[in-house]
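Some structures to go through are shown next.
What follows is subunit A paired twice: with subunit B in the first complex and subunit C in the second.
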Partner chain A sequence: MPLLEVKNLEVSFGLRSGEVKALRNINFTLDRGERLGLVGESGAGKSVLGFSILNLISKPGRISGGEILFEGKNLADMSPEELRDVRGNRISMIFQDPMMTLNPVLTIGQQMIECLQAHRKISKENARTIAIQKLQQVQIPSPETRIDQYPYELSGGMRQRVVIAIGLLMDPDIIIADEPTTALDVTIQAEIMELMVELCERNNVALILITHDLGVVSQVTQKAIVMYAGRIIEQGPTREIINDAQHPYTQGLMNALPQMAIPGQRLNQIRGAMPSLQKIPTGCAFNPRCDYVRDACTQQLPGYTASGNCQVACHMVAELKQAEQASEGA
Partner chain B sequence: MTDSKITEQTDQQPETLVQIRGLYKKFNISGDFLDQLKFKGGKIVREQEFVHAINGVNLDIQKGEALCVVGESGCGKSTVARTVMGLITPSAGSISYRGERIDDLDDKQLLPYRKKMQMIFQNPYASLNPRMTIAQTLEEPVRLHNPDWSAQQVRDKVHEVMFSVGIDPSWGERFAHEFSGGQRQRISIARALAVDPEFIVADEPISALDVSIQAQVLNLLMDAQEKRNLTYLFITHDLAVVEHFGTRVAVMYLGSLCELAPTKTLFAKPRHPYTQALMSAIPRLEDDRPPHIKLQGEVPTPVNLPSGCVFHGRCPYANERCKQEIPKLITTDEGGQVACHGVEEGRI
Partner chain C sequence: MIAFFIKRLAQAIVVMFVISIISFSIQDNLGDPLREMVGQSVSEAERQQLRNELGLNDPFLVQYGRFVKNALQGDLGTSYFFKEPALDVILAKLPATLELVFGASLIIVFLSVPLGVYSAINPQSWFSKAVMGFSIIGISVPVFLTAIGLIYFFSIELGWMPSFGRGETQPMFWGWESGFFTWDGLAHLVLPCISLASIMLPLFIRLIRAEMMEVLQSEYVKFAWAKGLNPRRIYFLHALKNTMLPVITVGGVQIGTMVAYTILTETVFQWPGMGFLFLEAINRVDTPLIVAYLIVVGAIFVITNTIVDLVYGLVNPTVNLAGKK
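So, the complex of A and B:
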């Protein structure tokens, strides 16, 4: 049994103008110790997916269909008490901006001890010892003094280390990190990512990394999911996706990176922009921007086609595969 | 200062458009007079604190090139951009445009230069006036800089720039909030291009945008450069963009220039230890890249600058000389310039 299994997940937001589906037909699994990257541009639904795993979608949004099975139990219909036992304890979350996540009027230590005491029966002294240990693990120099400091006394990189330490406090099974290094400089980003990979490997923690940066996904994760307009359009092993992307959107995203073009030449841009969720085109959501668009694309939502170890939602890929099979059969 | 003085010169040599010499900028962060009084050793003393944002930068921007300035947050790259544009007065040093000093001019004297130099800002959500329609936003600079144009001429000009950046001219009556981030940045670019400038300062113009939109905007900037013969001063933290876009690259650290080289040279053979570390930290798509060079510690605060080379505290090659003596830019064999004692002595 996989550690986490998401089945046909659907998340909707009830707006005055009608119900908007932010996520449709999401299926994936995550094993113990596995690192998964969720990639997509703003509005693709990657953060909503991260939040919905912890059932953190707030009104007017709701999980309108499907299951989120964590060790076989469905998180989508757990009571608030049961959820409290999972959140922060078995599955923890790291957010983008460390200044917003940390409480500015409490010291680092107070915040860490509070979290430990909420989940375990533990004395303050013992909690403090564990907190210092965790700060040491994330390579904060002199944690004994840092623990009594307030967030504003730390630099951005240090703060994100503290947030990671808090994420690791309860020795969770899964960490969901939502753009954890976007607010940081590249040299700090490289250090933090390296640290996270190392900690996940050492403690056998699974990681769901939400990011828009394909470079980071390539360096950190083993499996990747590419999202577009609330749907998974391609998923599979990271290396396969990076080296041989099948979906025209994934290809376009990759080719749009400056490092893929000859310096001084025009970049291969994808025309247009991601549609708003209220105005998703019929058929494949990517069809107005796609160079390979055919009749089926504007009429029918593409199903998933297996290509290598990847699943791709694209009519063109499906046709190519069919043709391949036909020629093999003949 | 008349307009004719700053128009075309016919020169075959690579012509220096903007010259920055010995630029310093410090910001006073000590508050008002009473805040500055401190009680020390039985006496009341007045203490002032400064952020040393730029510390002696010399740069020449050649006509027709795209000079990229890179560095991490707080290294002074945006301050350089704003000082060049005259939005900030330098504490010391000079800025010249086509040989005419412009940093000590008043607003009226600056006006003809403002027509030649335009700026594109990072955040298209903050740099467009929410209460003006797009047409108003674009018409304002055209009218200001061409007071003798008729209303029809102004409208034609605005249509032309809107068309050239890929914004439908019929959207002129809409407001900024009706557009997406990428479209807004196109409008900002149109605003800069509307007065036919020859020099554009772009401060992180694509970092607020999504990858596929970034490519669109970068292409647009490159097309504009080709068609209008523009010169760019391009501020960014993204080295992948620099490699693609830049003619030359200036790497800044804590308000000082550590390396200045043609883009190809810099990426083929970075000399300064900081440049090397910065380049190794870019997340790449390939899986077989060498591990990144780890730097010790974090960027020191620009309030109390380190003595000697500003990078010595984090540099793996630092020695006694680096701690005491500020390195000067020296020219390397490859044609770049680097400020490092180690490179000068041949140890790096």
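So, the complex of A and C:
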């Protein structure tokens, strides 16, 4: 049994203009210690997916269908009490902006100790000792003094280390990291990412990494999911997706990497922009931006086709593959 | 900490200086105090002589300079009507007003926080909607109308509550007569305190609700949920502490405003406090008393705001009053 299995997950937002589906037909699994990358443009639904795993979507959003099986138990229909037992304990989350994640009026120690005490019968002193240990693990210098400080006394990188330490406090099974380095200085992004991966590896924690940085995904994860307009359009082993992307959108993302550009020329980009969730085109949501569009693409939602170890939602997969092989053969 | 007080003191001096100029310059325009002080039979020549004796004919700056010189020695002039030092007259009435404000503040603090928090957490419930509806009414209805309505229902129709005065009071220290320690005194406090609170309470409920709703949307509250904390801890520690920061600031200013609002409440309830005295002083053109009242109220503003800043520093760690590293 996989550690986490998401089946046919659907998330809707009840807006004044009607109900909008932010996620549709999401299926994937995650094994213990596995690292999964969740990629896509802004608005693709990556963060919503991350939050929905913890059943933590803010109103007016809700899980409107499907199951999120964590060790066989469905998080989507758990009682608030049961959910509280999972959140921060078995599955923890690291947010995007460390400047906003920590409560400004509580000390680092208060914010760590409360988490330990929420999940375990433990004295304040013991909780404090554990908190200091975790701060040490995330390489915060002199944690004994840092623990009594307020968030404003720490730099952004330091704060994100604290957030990671809070994520690791209960030795969880899964950490969901929602763009954990985007808000940070470029010089420390790599450092924080490395630290996070190393700690996950050491403690055998599964990681769901939400990002739009394909470079990070290729370095860090074993499995990748590419999302577009609320659907998974391609998923499979990271190496296969990076080396041999099947979906035109994924190919477009790969080509858009600065490394792929020819010096002196404009960077490649995918023309157009992602549709808003209220105006998703019929058929394949990507069809208005796709170079290979056919009649089927504008009429029918593509199902998933197996290609190697990947699952791809595209009508053109077989055709494109043939064309590719033909050009390679020539 | 010392630096904070010195800075505050300097600010207070400037503020008090401005208040004194403004309130003192009013006195020339309030009518003729002589008309109230002397009878019809006094001749114009005698009036002029009296004016000269009182220094009312001196240029403004001379009068003001004399006023400041005396004020610095604690003498804010002598009330024309009471023939006593104006400051003493006002300070004798201060306890009654402060107790009224204190009682109203208690009502506001103990009702606005739970009601505001509840309606922020459950914005869709019928109770929250009712609270919001009543708060609009509370803000819209003027204090004197609320006061008269309360008297009509609870004193005249139902006969439950006394309609005027302070009732039985108990002497405390420094001539402070308190109504808080006798049943009769407490009964007399109820209606005036409610009517004084009637405007501020809805204001604070709405303020706390709005702030709290914003805080509940914040990332750190979301993170607190993701940590699996008890909802009570999230609402009453994580969210409420951040909610109270702006509320404390507004609250400090409002305490001063409430002292001013007592004029209406005290008049309707014949409450023997400063506000009632002030209104009488205006009717009698008792200028020294008016000026002294404005200065005392100004001082109360300055003091409450200083205390509020201190409290704010205790709640908000990013404000560092103590200057510690």
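Criterion: the second predicted complex is superposed on the first by the 317 of 330 C-alpha atoms of A that agree within 3 Å, B and C clash if a C-alpha of one lies under 4 Å from a C-alpha of the other, contacts with A are read in each partner's own complex, and residues count from 1 in each chain.
The definition used in the following text is that a contact is a pair of C-beta atoms (placed from the backbone, for glycine too) under 8 Å apart; a residue touches a chain by one contact, two chains touch by 3 or more.
Note that the structure is predicted; figures quoted are calculated from it, not measured.
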Partner chain in contact with A:Phe95 - subunit B first, subunit C second, else both or neither: second
Broader residue contact with subunit A after superposition on the shared chain, subunit B or subunit C: B
Touched partner set for A:Ala273, first subunit B, second subunit C, both or neither: first
First, second, both or neither for A:Val105, with subunit B first and subunit C second: second
Subunit B versus subunit C as contact partner of A:Ile188, first or second or both or neither: first
First (subunit B), second (subunit C), both or neither touched by A:Cys115: second
First, second, both or neither for A:Leu214, with subunit B first and subunit C second: first
Partner chain(s) touched by A:Arg84 [first = subunit B, second = subunit C, both, neither]: second
Partner chain(s) touched by A:Pro180 [first = subunit B, second = subunit C, both, neither]: neither
In the complex with subunit B, residue positions of subunit A that touch it: 41-42, 155, 157-158, 185-191, 193-194, 212-216, 218-219, 239, 242, 252-254, 256-261, 263-264, 266-271, 273-274
Residues on subunit B engaged by subunit A in the complex (per definition of touch): 72-73, 180, 182-183, 210-216, 218-219, 222-223, 237-241, 243-245, 263-264, 277-278, 280-287, 292, 294-295, 298-299
Residue numbers on subunit A that touch subunit C, as the complex places them: 54, 56, 58, 80, 83-89, 92-93, 95, 97, 100-107, 114-115, 118-119, 150, 152, 163, 166
Parts of subunit C lying in touch with subunit A, wherever the complex brings them together: 217-231, 233, 237-238, 241-242, 245, 315-318
